[in-house]
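A short worksheet on the structure shown next.
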Amino acid sequence: MTRFPELTAPEVARLPAGTLALLPIGAIEQHGPHLPVATDHLMAEAVAERAALAAAGSCDITLLPGLAYAKSNEHAWSPGTLWLSADTLFAVLDDLGRALSAGGVRRLAFLNAHGGNSALLGVALRELRAKYGLFTFLLHASLPADQGGSSPAAEQGMGVHGGLHETSALLHLRPDLVRMELATRSVPEHLGRYEHIGFGKAVAFGWLSDDFGTGNGVIGDPTGATAELGRRLVDGAVARAAAALRECARFHPGPPATPHSEETP
Amino acid sequence: MTRFPELTAPEVARLPAGTLALLPIGAIEQHGPHLPVATDHLMAEAVAERAALAAAGSCDITLLPGLAYAKSNEHAWSPGTLWLSADTLFAVLDDLGRALSAGGVRRLAFLNAHGGNSALLGVALRELRAKYGLFTFLLHASLPADQGGSSPAAEQGMGVHGGLHETSALLHLRPDLVRMELATRSVPEHLGRYEHIGFGKAVAFGWLSDDFGTGNGVIGDPTGATAELGRRLVDGAVARAAAALRECARFHPGPPATPHSEETP
Amino acid sequence: MTRFPELTAPEVARLPAGTLALLPIGAIEQHGPHLPVATDHLMAEAVAERAALAAAGSCDITLLPGLAYAKSNEHAWSPGTLWLSADTLFAVLDDLGRALSAGGVRRLAFLNAHGGNSALLGVALRELRAKYGLFTFLLHASLPADQGGSSPAAEQGMGVHGGLHETSALLHLRPDLVRMELATRSVPEHLGRYEHIGFGKAVAFGWLSDDFGTGNGVIGDPTGATAELGRRLVDGAVARAAAALRECARFHPGPPATPHSEETP
Amino acid sequence: MTRFPELTAPEVARLPAGTLALLPIGAIEQHGPHLPVATDHLMAEAVAERAALAAAGSCDITLLPGLAYAKSNEHAWSPGTLWLSADTLFAVLDDLGRALSAGGVRRLAFLNAHGGNSALLGVALRELRAKYGLFTFLLHASLPADQGGSSPAAEQGMGVHGGLHETSALLHLRPDLVRMELATRSVPEHLGRYEHIGFGKAVAFGWLSDDFGTGNGVIGDPTGATAELGRRLVDGAVARAAAALRECARFHPGPPATPHSEETP
Amino acid sequence: MTRFPELTAPEVARLPAGTLALLPIGAIEQHGPHLPVATDHLMAEAVAERAALAAAGSCDITLLPGLAYAKSNEHAWSPGTLWLSADTLFAVLDDLGRALSAGGVRRLAFLNAHGGNSALLGVALRELRAKYGLFTFLLHASLPADQGGSSPAAEQGMGVHGGLHETSALLHLRPDLVRMELATRSVPEHLGRYEHIGFGKAVAFGWLSDDFGTGNGVIGDPTGATAELGRRLVDGAVARAAAALRECARFHPGPPATPHSEETP
Amino acid sequence: MTRFPELTAPEVARLPAGTLALLPIGAIEQHGPHLPVATDHLMAEAVAERAALAAAGSCDITLLPGLAYAKSNEHAWSPGTLWLSADTLFAVLDDLGRALSAGGVRRLAFLNAHGGNSALLGVALRELRAKYGLFTFLLHASLPADQGGSSPAAEQGMGVHGGLHETSALLHLRPDLVRMELATRSVPEHLGRYEHIGFGKAVAFGWLSDDFGTGNGVIGDPTGATAELGRRLVDGAVARAAAALRECARFHPGPPATPHSEETP
């Protein structure tokens, strides 16, 4: 694994064909009274770096400087949230895709740690493939409960922001930044009365994090969080990401019989 | 259920508070040699209209003119594909959200029938909520296999475009437009060798429909399609959508104790 | 005449060289208390389809899905008006022009039924010609009185919105949607005191439909409307459009001696 | 009449309520081998200044610095054409409308001397009315033959660029810049075979000035141009513009009974 | 020296290789109670024309129509300021760069007379070099005190707007437009208490011209202005610009040994 | 000094009025064969952090996550350069300014370490002041020779990229990333023949780093670089930045007599 920012330009030019560029994407946004605003940024950086290291033995990966600022307008109501508009974040990703491609990179994986980025990154995957010929991939540091991730019983499937998992992960990664004494349960249980609409249900809906009347910006129950659980979650995320990265580095959508080179994806 | 285009302006102004506006969104894009380019547009219109009628008894719904043209750049390589860029489709949705909101509408549901629109609509849900205060929802006419929908064994989970389900639905809705004699199996089975990356797998990837070497733009196996299967699929989609629409028309994210009116979402 | 949405992609690819694509463009906007908001949309679709059928014997035409939503900001003050900004509508037309051109189409005619679109479409004609090499044309379903169309004496040349002609046309096309009992004369006669400025006069001016103090959004006198007049108007519009379409399908701006093919406009 | 650029800021602030701002708009574009690229710019400036002076006795007009560069992409193929894109020219007009409105101006008239600007200015009229509350007007220095202007027999209604009228006007205004020895007849007579499509005919079409095979960028017949005809044309244009400006300075779209002030257009 | 607007298109095409296009850029903005809003526009035009004439004997220069309207949002609070947004002015410059390059011009110099444009023009230099291959240059009619220019003692280095130099220059160029009886000293002396932040100091800061509490929009001391000083300043500016233009017309960034032609900068 | 990303949202809300937010801005771009592509990013981060710590005793500063990617299109020709377009970087800065202001921050300082960003940041200073009411400041980690910085004799004033100073600074900050054995002198001495045009001369010019024929992307002479010189340069930069930051935290442009609060800049 190489760290892209530490390379010289000629070293970038000499990266092995097929090298996978890995871009961590987090957020700077309110995470309730008990977690730092960089929670998602820290998570993205930690998982990306560890997964890249873990995968590096069997494939070529170069780790890009991560994007701390991303799309967090669901938290725009709160101080501490520094967000890019959808248009701006698309433009940033487009610019990076163009420059990477111009420099000879053919594979780009996003490692995302903020649920509010997921749909936009889903759009960007195809745009960068179509515009620059890049093979693009979207990995998640940890899936929030509303995007297919698990959520413990105490959260009723609604641990999507500052809840058990995220708080545990931070207790593992940066315990100095967690104020557990301020962690309180903020689960919008009243959403349970809807069958179709809700986090991870069949009908997605547009929500802001102050829509639910919970008051403190948390959606979930961080009170049971532990560093040990966090360690297991982070280790699991790293292991999954590392396995995925290995596959990203060799993936080609065409049939095996098709003769193709890395040079012309 | 009212048909928005048939109303006069004063009738629009008198729509009951809380009326749900329903916007069908399809696509005009290549669907292989056996299906018309309007396949998704026809599906969106059919399911939206039928679901709105089915739900109308218990809630207020107004059916908007659908968007035939949407985001189909994965099929841009083929004649017959008429696509809007991501920026343009965002702008269209933003304009409609603004105008609906200015006219007193407070609830907007997208009924989408094209998988290539899903991520973008996922972004738009929040944008319209944040910018115009609308309650927004995303329903699917039928989920493609790469977005949580089922896919029969013959398609190995890859029936995402012009396959068994879509072809069956068209045989039910518009049999005159289906050329079953040209339907052939085009399943990129080689994708099966990837564990993490693939349609509906953990790692999403950016793909174009000519990436897989199948030659004719189909990704799936339409050969077993029947009108009877199509009827069951469409009826099921309509029933699910109708149930969801009823919920959309009464959904509020805040706690029950919170006094709130439709006027101030 | 072919209906573009009903074609398969290979059929689009096999359209005869020189086929003219016809795009109906209407509006969803307030039309006073007696006409539906889709008045212009219905008119555009009806005239386009009938003219395409009438012309089809002598030339190749393919009828595109029409644009229901267009530029109606002069009516933005009223519920029922769903409008695209000028930027958005330009973007939609640009995207469609690009995609049609990429798919081998060389001729595109707009059939417009909303006066508020005319200037913008006038700009788009040249943009699509210059950017994509398309031969472009602008036809009107019926010219409003302020764009060269006739206006009966009772309207003093000001029957530009919801007046005698438009109401009659709707009585012919969709009598079920017309509320004649709510039709009232709303002619801003005071504009007659201006010699240079006014509908169809030498000096164009920027107006919104609530500028004139008429109160109900109508500019004209619908009270004398009849289905029979509507029939004559629509038939006339169709005949004129059909004749024009035949010419659009064979038009080339270069001199006859110039050898040119449809492939390189 | 005041010259806006010569006023101090406090003098601008003290302009009488209802003062009409007049913006000349021309073009810098090829005008064939015999006319300077500033032909339209010179015409716009000359007519605007003379008309403003002529009208000034009976109304308040302030003459703005004109726009030399405008939308000329129909001539983009030729050196000498310096053109703004449609988006850019819209942005310039929007910015000026905003700033004028912020500074207390309520009326804005465009005096246009380039046919290629007309449709775009037609769009801008409404945009500035809707966004900034300005009363907006569009005057023409002289109407080209394809926009309702007359065209002598020798030009068969096609004297739209560098023809008899424009050349005569320049012979009157700036004879030192006209190279009559290079003026040749360039009338695309073959367009006469079309009944519906053509300059000033019922069906507008998208054209570039090198579409017609005339070779030198002229569309018309300048060979008979004289300074005396130019004088009559310019004098007539000035007289018509002056009369129109007087009306623009007192125009209000509302009914006379409506009490309204300049402060709240 | 040629005046671009007076050339015919073929004459533009025949301009000598390496001809330098010169674009004056000013502003229309408040300049206090004693100077016209066109002060910077007049200065840009005067210096550009005189310098081009002075330099013309030894190099090929073509003088473009100047931009009267530019970026003046620091004065947006005042009537009389007509400003383009940063985006709009970038777009104008980009369009002109593209069109000049398409027409065969390879060298473009901005002659700027408004300090508020300087940073933006500094960005544009590189954009036009990178996008269109133009050699681009930025000259100043006279440097304001906050951009390296001198400022007399009475102004304490703060004569940046409507002060001694600018007022003197106008007294020389257009004495009829100067109201010396309204000129008052408006020097924000309190800025002197900052060591690092201030006009021309190490730390640039974002300021609006009504930030300083001086009340009348002036930042400087015009009371000692004289036409004679103005003459010397303008003559000096012209001489410096002429010398610089001569160099711009022969400048090439590559090493002398490199064989290069004007055709491929 | 607080580190913004480590704060919780309530802590951000409780930042003292007048707190200065500090945004480091670097670049990821080719820096010749001997320096890493993150050179400017590392410099911006190091100087910002140290200066913030040094200044913190006497004022309130919060250190934002820095921008690694910025405007580097002068190096777009080289692998390793990952650059944002001018539009994108403006959008990022605009979004951050908006969010900071919405969250109660009133002062924002950019600490820039890449010369290619300077002009754009100069524009942004005013935009953010005007749009969001922020007090904005631009500090430089170290001024390049073409922006007022010093340059040793061996570089003839042209040490603008990868030269003596930058290389020395990196030898101090990250010696493990410097490949001194690959450092070679690349001074475009031929620019010395121009009197007016050149790095830091009176006439700025648009340049790309491959314009000068030096071959390796360096503009300067890194061969004499030492860690000790780097230490002195960095220490000096930190001291100057710390002093400036203290002033930024108390700066107000209005006169002392004016009663003003931090709440209403």
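Residue numbering begins at 1 within each chain, and the chains themselves are lettered A, B, C, D, E and F in the order written.
Simple rule for what comes next: a residue touches a chain if its C-beta (ideal position, glycine included) is under 8 Å from a C-beta of that chain, and two chains touch if they have at least 3 such contacts.
The model shown is predicted, which means the values in this text are computed figures rather than measured ones.
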Fewest touching-chain hops separating chain C from chain F: 3
Any chain in contact with chain A as well as chain F: none
Classification of the chain C:chain D interface as same or different, half of numbers criterion: same
Chain D and chain E: spacing of chain centres that average the CA atoms, whole Å: 29
Mean-CA-position distance for chain E and chain B (Å): 55
Averaged-CA centre spacing for the pair chain F and chain B, given as whole angstrom: 47
For chain B, residues that touch 2 or more chains besides their own: 76, 87
Graph class of chain-chain contacts, one of line, ring, star, complete, other: ring
For the chain A and chain B complex, residues of the former touching the latter: 73-74, 76, 86-87, 90, 116, 118-120, 122-130, 134-140, 188, 190-191, 194-197, 202-208, 211-213, 240, 243-244, 247-248, 251, 253-256, 258
Residues of chain C defined as touching chain B within the complex: 4-13, 28, 30-38, 41-42, 64-65, 68-69, 76, 78-85, 87-88, 91-92, 94-96, 99-100, 102-104, 177, 179, 182, 217
